[in-house]
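Pasting a structure below so you can have a look.
So that you can tell them apart, the chains are marked A, B, C and D in the order they are listed, and the count of residues begins at 1 in each.
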Amino acid sequence: MENPFNKITDIKHIMKYYHDGMELMFGGFGGVGSPPGLIDALLHSGKTELTLIGNDTGFPDIGIGKVIRAGRAKKVIASHIGSNPIAGQLMTDGKLEVEFSPQGILAERIRAGGMGLGAILSDIGMDNEIVSGKKKRFTLNEKEYLVEPALTAEVSIVYAKKGDPYGNLVYDKSARNTNPLVAMAGSITIAEVEEIVPLGNLNPEEIVTPGIFVDYLIPSSGVNWKWAWE
Amino acid sequence: MENPFNKITDIKHIMKYYHDGMELMFGGFGGVGSPPGLIDALLHSGKTELTLIGNDTGFPDIGIGKVIRAGRAKKVIASHIGSNPIAGQLMTDGKLEVEFSPQGILAERIRAGGMGLGAILSDIGMDNEIVSGKKKRFTLNEKEYLVEPALTAEVSIVYAKKGDPYGNLVYDKSARNTNPLVAMAGSITIAEVEEIVPLGNLNPEEIVTPGIFVDYLIPSSGVNWKWAWE
Amino acid sequence: MAKRAAEEITEGMAVNLGIGIPSLVPNHLPSELLVMFHAENGILGIGGTPLKGSEDENLCNAGGLPVSVVPGASYCDSATAFGMIRSGKIDMTILGSLQVSQTGDLANWIVPGKKVPGMGGAMELSQKAKKVIVLMKHTDKHGQSKLLEKCTLPLTSGACVDMVITNMAVFEIKDRSLVLTELFSPYSIEEVTEKTDCGFLSASKIRKIEY
Amino acid sequence: MAKRAAEEITEGMAVNLGIGIPSLVPNHLPSELLVMFHAENGILGIGGTPLKGSEDENLCNAGGLPVSVVPGASYCDSATAFGMIRSGKIDMTILGSLQVSQTGDLANWIVPGKKVPGMGGAMELSQKAKKVIVLMKHTDKHGQSKLLEKCTLPLTSGACVDMVITNMAVFEIKDRSLVLTELFSPYSIEEVTEKTDCGFLSASKIRKIEY
């Protein structure tokens, strides 16, 4: 494959973007659409004290859950940890800080980060101490809102069905989920793709993530875990 | 065509959603992607004292510009009126109120309205009196932002290439522009489409505007104006 | 319960179903009824469960279970999926709960010190769906009423529930008052009253449900 | 001016071009150079101008003129197009201006009482593109310098311009100071000084441009 933008690379090169204490944002929803190869690389890197930002903590053996099970995270920003009891246990034991955000608001905060906005004003969970406790409030047109800060990360990792050498991405069905949002919010965005196709092979209409948001592409070997329903 | 959701209709039915003094949001960018049939219907309706919300005021004979030339608008919220000198003249004469918003921020305000958010925080145009003069400010993480209120409208009118009976929409190239945003922000959203296709005919991956945001569809006879470049 | 909830769904609705019993609701709908089922991850237009062996790992609902899609379905990102909810486009959500108060408060996201799943999309759905229906057993595993004067667990959202369907009865919540409207056979008003830890009004006419 | 601006563009860049002279810049680029031209309406990867008669009315740039696309191009909505700008992904914007101050203030969106076009996307672009290049005539139609100590027209953005290319000379703005770096043949430093209504530094080595 021609590589005129030098974005197509391998796991070895990606490793240098992983470091202790980093903020990492990951795509996926219950593990569906999470990048298996990039997550395994993170595990193998041995990097720790991570702050992980994403929809949920997956399952103990699925998606980002593997990283949490290995004790590599010090903090998680997510909407849900219920499918990964190890995350709940670590939280209860004081070994993992968890910041909960309502699911759609989390998605919007990530999008706002990618779109270069400072925050959004939301009326979700205003009466809930865990959601609103540390948040500032703002009254607009006589209605009170929470100020929900934008989220960005040093590195974003996403999973896509197809990618071209510029980094344009197309997703597969519900594996799209948070990936297009996460792809925009990383200072460095790395996409693991099932298939790399030549430049010009993707219809400009079907591209969901324009390549300008993607810094590196690595080919994927596909999901390496067993789903809960299997 | 089967019409199981009763969304496919005609101009006659649409007329009842137009009324004097209404807030109307329109898709399009320099007239490209503005719905010609719905704009003509608005002209023929004779409705006046309109508040129009959209990217720009088109050209005197193109897009929403025709409505402005006819003196039907009392207020416009837009980022640009330069291509329609009549809008500038009406503004100078005190006959048209114009609220300017930076182009991308206007797009985000419309999207925020459609997404059920209250506002966004932006750092664009903070030092510019016309942009920031009437806006509130908010400081987050020691950085000051403008609070840019979400925009919604009673009726949104958009133009699409294809639509199915549920109202799922696909756009054509750069005629997409503000249409997907405007489609989400109307209490009633009416789409003018070049082609209505049967349910199931659109690939779920290619749909840009999910039909849940669209209330009515009318078939289009295409653009009825001459472009500036022609 | 799922069968009763299915009666609330009418032609053309957009409906979000929670995990557990709510996910069984489509089994009780006439196959010709056009309903767009919504999933928070980014699907509008979910169809039936695929046959064993023909599941697609990239086509799952918000609970992570394989699904299919109907004609007219679309995929979107999760931000847009929640935009549909917050802007009031979802006609109905049917979800499970740990507790519901007599004024319609919902508590279904956390048991402090025990279970900390997180709210997921429950706050947006319960605050913003046009109609919120809770399906839950009338009592918990210790026999305690899950309908209460005031929820003892932390709230998901206040005053949001419109209807509660338990294994014993159906209640509507109108003007922040709990009203018994239907009884599942063979339960009586007396039995329901005994198992319910809060007062409730009775509708002038109470339907007996005998499926 | 367009030819000189083209020299600033390097392989792989994402570049936004304003209307007018900036739109001529691509004509001066080597055809094998991979550049992604961006338009605010929602195109990344604009190609050459289509032949007369083969224009597509639904494929236009932000100025409303028909364009084509290159391999690797994508369409998006205008919100996303501006997200690219605000998040700093646009490497360079090349735009016209009414005035530029010696500290890099830009005034290109309004002439009070005369011309009220609106800011369009100029504020986002000038505030957020990694490099802002202004192409403008050195003087206005009355012979007045468009380079000033302080702009007299309302600002689009303050301290945002990195380079100014006029028909007479090229200036860089570094640490809020205007530095003359190049002269277009046949102009001399003296002539530029005379036509410029603000002081400027001169680079140690000044290139003479003779296209």
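By our rule, contacts are C-beta pairs under 8 Å (C-beta built on N, C-alpha and C of every residue); 3 or more make two chains touch, one makes a residue touch a chain.
All of these numbers come straight from a predicted model, not from anything done at the bench.
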Each chain counted as touching subunit B and subunit C at once: A
Graph separation of subunit C and subunit D (steps between touching chains): 2
Most remote chain, CA-based centroid, reference being subunit B: C
Chain centre separation in whole Å, for subunit D relative to subunit B (CA means): 29
Subunit A and subunit D, separation of their C-alpha mean positions in angstrom: 36
Between subunit B and subunit A, distance of the C-alpha-averaged centres to the nearest whole Å: 32
Residues of subunit D whose C-beta touches two or more other chains: 75-76, 79, 82-83, 85-86, 128
Where subunit B touches two or more other chains at once, by residue number: 108, 115, 117, 123, 173, 204-205
Every chain pair in contact, whichever chains are involved: A-B, A-C, A-D, B-C, B-D
Subunit D residues touching subunit A - in the complex, by the definition given at the top: 11-12, 14, 34, 36, 38, 44-45, 69, 71-76, 79-80, 82-90, 128
Subunit A to subunit B touching residues, read off their complex: 108, 112, 115, 117-123, 136, 138, 140-141, 143, 145, 147, 149, 170-171, 173, 204-206
Of subunit D, residues touching subunit B in the complex: 39-43, 55-66, 75-79, 81-83, 85-86, 110, 113, 115-121, 123-124, 127-128, 154-158
Touching residues (chain side subunit A, partner subunit D) in the complex: 4-6, 114-117, 164-166, 168, 184, 199-200, 202, 204-205, 207, 210-213
Residues of subunit A that touch subunit C when the two form their complex: 29-33, 55-56, 78-83, 88, 91-92, 98, 100, 102-105, 107-108, 110-111, 123-125, 127-131, 161, 171-181, 208, 223, 227-229
